[in-house]
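Lettered A, B and C in written order, each chain numbered from 1.
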Amino acid sequence: MGGRRSLQGEAAAPGQPSAVLLYIVRRLVNVVVMLLVVSMITFGIFFMVPKLTGTDPVYLYVGKNATPAAVEGLRVKLGLDKPLYEQYGLYLKGIVVGRDYSTGTGVEHCPAPCLGLSVQNEDPVWGDLTSDLPITASLAAGASVLWLILGVGTGALSALRKRSIGDRVTMVTALAGVSLPIYFTGLLSIYLFCYTLNWLPDPSYVPLTQDPVGWAQNLILPWITLAFLYAATYARLTRATMLDVLGEDYIRTARAKGLPERIVIGKHAMRSTMTPILTVFGMDLGGLIGGAVLTETVFNLHGLGNAALQGIQKNDLPMIMGVTLFAAFFIVMANLIVDLLYAAVDPRVRLA
Amino acid sequence: MTKSDSAKTEAVIDVSASSSGAPTSFLSVRNLRCHFPTDDGIVKSVDGLSFDLERGKTLGIVGESGSGKSVTSLSIMGLHRNVGKKRGPQISGEIWLDGQELINANPDEVRKLRGQKMAMIFQDPLTAMHPYYTVGQQITEGHRQHNPQVSKKAAREHAIQLLDRVGIPQPDKRVDQHPHEFSGGMRQRAMIAMALANDPSLLIADEPTTALDVTVQAQILDLIRDLQKEFGSSVIIITHDLGVVAELADDILVMYGGKCVEKGPADKIFTEPEHPYTWGLLGSMPRIDRELQDRLIPVKGNPPSLINLPSGCAFHPRCPYVDRTEGRSTTETPLLTNVGENHLAACHMPLEVRQQIFTQEIAPRL
Amino acid sequence: MIIRNRALAAVAVVGAVALTASACGGSKGTGSSSDAAGKSSFNAAVTSIVNPSTKKGGTLQFWANQDVDSLDPTRSYYAFAWDLQRLYARTLLTYPSQPGTAGLQLTPDLASAMPTISNGGKTYTFKLRSGLKFSDGAALTSKDVKYGIERDFAQDVLPGGPVYLQQILDEGQKYPGPYKDTDPNKMGLKSVQTPDPQTIVFNLAAPNSDFEYYLAMGASTPVEQAKDTGANYQKAPLATGPYMIQSYTPNQAIKFVRNPNWDQSTDPVRKALPDAINVTITTNADDLDSRLLAGTADLDIGQVGVQTAAQAKILTNPQLKANTDDAPNGFIRYIAMDTKVAPFNNVHCRKAVEYAANPTDLQTARGGPTAGAIATNMLPPNILGHDNYDPYGLAAGKAQVDKAKQELALCGQPNGFSTTIAARNNKPKEVKTAEALQASLKAVGINLTIDQYDGAQSSSVIGAPSVVHKKGYGLMVFGWGADYPTASGFLSMLVDGRQILADGNNNLSEINDPQINSLIDKAAAETDPKAAAADYTQINHMVMDQALYLPVVYDQALNYRNPRLTNVVFLQALGMIDFASLGTSDGK
């Protein structure tokens, strides 16, 4: 953190818009490089590791009683018959211009960005992932709003009422939230709200565009469950940060100016408190869009996390690669957005 | 305790800390106690402090760190948190500002005085300013808080004027910059501008120059003096360095272990100091006119624990003349006694002995 | 510490689930349990048809916690996917919806009668029923049947399914499948002839008593060549059965509706009671169980048994238990003794293990009686040829130390011996089985060292005799299931001395007994499956007499069926409820 702050003082010039643009472009190039590295590593893991252990990688993907023809067919389909660099090249080419696959009776075109065809259902992985994305994005968006409000709110109150009973209860609850597995809170909430109280439908995904009320009704439990887990972390983080900030000299200065407490806390203390939280939030949100495997499993949501799980269970290499790249993309993008926001929030940070 | 001692004591109390009615002084602190409960015991940061400050005058409060001088200033400003709560500080006594008592006042009333009638300049301008807001924002914020009728534009103009007045070049540009874009001295000037935003009658400067380069220190002190003349404020300068207040203060109050050990007009404190601790401070003060710099002598030993103050005179473990009081220093707490006009000191040594020691042993070294 | 807390939390979940689920069962059930209560009982579907009915209508709510491997019958190997195919993919022959061994006897489906077998058991001639159609309305002819079988050969494009037909019908032709067929009509497979649209003739190179069973697999279902989309066919296969696929969302849902071009008069097997069938794929198996018990789901079509939480609830509640079946699903668990690893080259040392083992402890290691009945020989109850042969008294469930010591003495190892037992490290129950055996054998002085190897590599570890010899695996824990319910398909791989492979070997005992081998050949040449079954009963007895394998359990799965389901039949051939016969009592 310290490294990117410039505390030199008077020499600093305000950031020029063009400099910011240049910075973003440079960062976007970094994103591409990062994704290339991630794809290489993923590629390497799935193709090199079996080679190192002396196994033909194609055998990871063939089913029971595979005939030699089936093995060869899959080998050609996955491109395993070509040298590694060529396989990787083809993969990248597919992303840029798309690829054609033989179906036996014809040719199936996998349009760019083509991440290959899923071994499970012969569908382009890209299409599967983009159709799963709204589900995970809905889950992540709702949950994150909830946990920000809950976590930051209770954390801040806790910090202001340090050592009070409310503070202790909040922190114990937060500890429980961090410790309890999604399986526990998730299942319990389903049985409580969907079965025992009959307040909510059995969770399943309804698109927002189709039925906004149904969308929210079906997602409210996963939101709460996920938010409970994260809110706990955020409450603790907010409390700790807020306590640090409240000890800062500039808070005393604000009070010395005669500002009322609601401005001292709500404006001066909150703004400083939110900065580290923003960083964590960006990372969490990026990671979450990459897939909330457990939550999606418990609540039967077929999002990206579920796609990853299915891919792993069925040895669906193109799907695993796709999800990995997809998740990596969101994480690095979240990273970039956090850095931009950070610069907007903290004037000491210069985009360089 | 002898009878004559107690008579003297009463006389002293009459002077500074007796009547319960509103005093005539602009600022009057009476028998201020500020105790902090901790797990190790009660920290008596300030324990029975009294002083007065007239309008337009400057008081220097001098002492080592931990002597209670900053706690005093925060008490006046009402900046202690959780006062009276279970784990919060216990504050008693009276603080009268322009006829209004502050310790027992409604906290919101005190808040309204802060930044308006009384303002404060802190030691480290870097940490004392919010890193995320521009200097202008931080100046106008306090201004508009107390003057809600002032438009944003007018407040900004006012801020630029203030920055100009405290000597910041290009104030119309600087007003939109953030604290980290200022140098240390500039920051302290901005801090002063912030404090002056509402033309306060009382300005408390807590170690205003400690964090600054020596050359900048003098500029800041000059600025404070000029501003005081211009604005007519009363000023309290808190410092561990007698040199800082030498040319600025009308009166000086020396604190040790949460208590006042000597106070009086500044010239008296410098020329006829009556307390061995004050002698020590003078001895350790760097002076341009001092002939023999190698004889700069720090006060030996460490500041006392505020939880378990030494018995008798709190200074006695560090006092070179403890043997001159026939043991009273270690058992009896010395009281503030008149040693001249408006000049008080708390020491068991007879006045003549002290004057003899000062003229024969101390003065030649200074 | 955290791990322990989480374990506690998991226990709490189980408890909470059990508590709350009971509340749901009463409030939300749609099943008319009052009608069904009298007729349904534990394991009723195994021996009888539960709630027989001809009432049509309603929608079946099928649930599963994983998707089918493929909807293209050519490419599927999951047992429940095969069962689902009975809804939409018909074959020349199929299993009737009958409980017990009656359900193991093939019956004509697309064929109008059982085949005419000629040419010394090498030529099978089938006549198709008239009026058969695909769901797109096209007439179904013998060419479509042949084309469907030819697709099995295109393993490069359509991998994943069984390849028995490819192996037996290629006969040296190296037929590449229809996509690379040089014949303009794509009818290039020589061993199958279609002299007219109603007739299909198969010419085998040698008699094969299992041939009819291969034809009952979905992989032989007819496919209309003009509608074949190769690798993409699995997204929307045409139907020949009473239902067709209306929509399929991988990993989420399959919806079946009535096939308007299916004619009841052409189909003696299926009753086609419900109007629609929904398959919902969930990711949460515990949630699936509570839906079953609440009556909002009709059947877990995975049919691998409820989770432990629901199992505990069901077994302690007689009313719930009455709606369950716990029958052998065709899997056997066993411990192989390698006749090439001393001292198991001596039959008496092998018999000593049979006697010294405690069958009850081994069963407990597998999960207790619910998870499987104690196996007394190597043919499970749903394989033709099974009997209750029990030469070592395993059914009594007790170790017989005296007899074991006698055998040890005869073996020349009166004080016991030491050997190694191999168990797959990714199969906790197999490791527990090895530990249970280790404890029992210790009583007679046989000391076992347990070697847990990488379970994913089993075909190159215990499946490679050279590795087995090098590592000194005298005993190996393993399991085996059949693709079709004949003993040849089940047992021959385990005991045929000519099938000892260098890699991927399944004859773990490495037995090469001329008598067994010749009986295997004799059985294969039988044209009557019953005669072949009798041969295998004999082979099974010989295998047991020589103590080549220590059978552990015949796997079972405790499955719950919604009381509103009608015509519930446990189909032994697939080891699960027949999906095609089910209906709803409430018409919903």
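Heads up, the rule we're going with is that a contact is a pair of C-beta atoms (placed from the backbone, for glycine too) under 8 Å apart; a residue touches a chain by one contact, two chains touch by 3 or more.
Not measured: the values here are computed from a predicted model.
When you take the mean of every protein CA atom shown, which chain's own CA mean is nearest to it?
A
Sort the chain pairs by how many C-beta pairs are in contact and tell me the top one.
Looking at every pair of chains, the most contacts join A-C.
From the mean C-alpha coordinate of chain B to that of chain C, what's the distance rounded to whole Å?
91
What whole-number Å value describes the gap between the mean CA coordinates of chain A and chain C?
The separation of the two C-alpha centroids amounts to 41 Å.
Provide the C-alpha centroid distance between chain A and chain B, rounded to the nearest whole angstrom.
The mean C-alpha positions of chain A and chain B differ by 54 Å.
Which bits of chain A are touching chain B when the two form their complex?
Against chain B, the touching part of chain A is residues 6-10, 12, 14, 163, 248-250, 252-260, 263, 268, 271-272, 345-348.
Touching chain A in the complex: which residues of chain B?
77, 79, 87, 108, 111-116, 119-120, 122, 124, 127-132, 134, 138, 141-142, 145-146, 177-178, 180-184, 186, 194, 197
What part of chain A is in contact with chain C in the complex they form?
Going by the criterion above, the answer is residues 62-74, 76, 101-106, 108, 118, 120-123, 128, 179-181, 183-184, 187-188, 190-192, 195-196, 198, 202, 296-302, 306-307, 309-310, 313-314.
Spell out the residues on chain C that touch chain A in their complex, using ranges where they run on.
Counting only chain C, the residues touching chain A are 2, 5-6, 9-10, 12-13, 16-17, 20-21, 23-24, 27-28, 66-67, 69, 77, 153-160, 162-163, 166, 177, 179, 228-232, 234-235, 250-252, 282-284, 286-287, 290-291, 294, 296.
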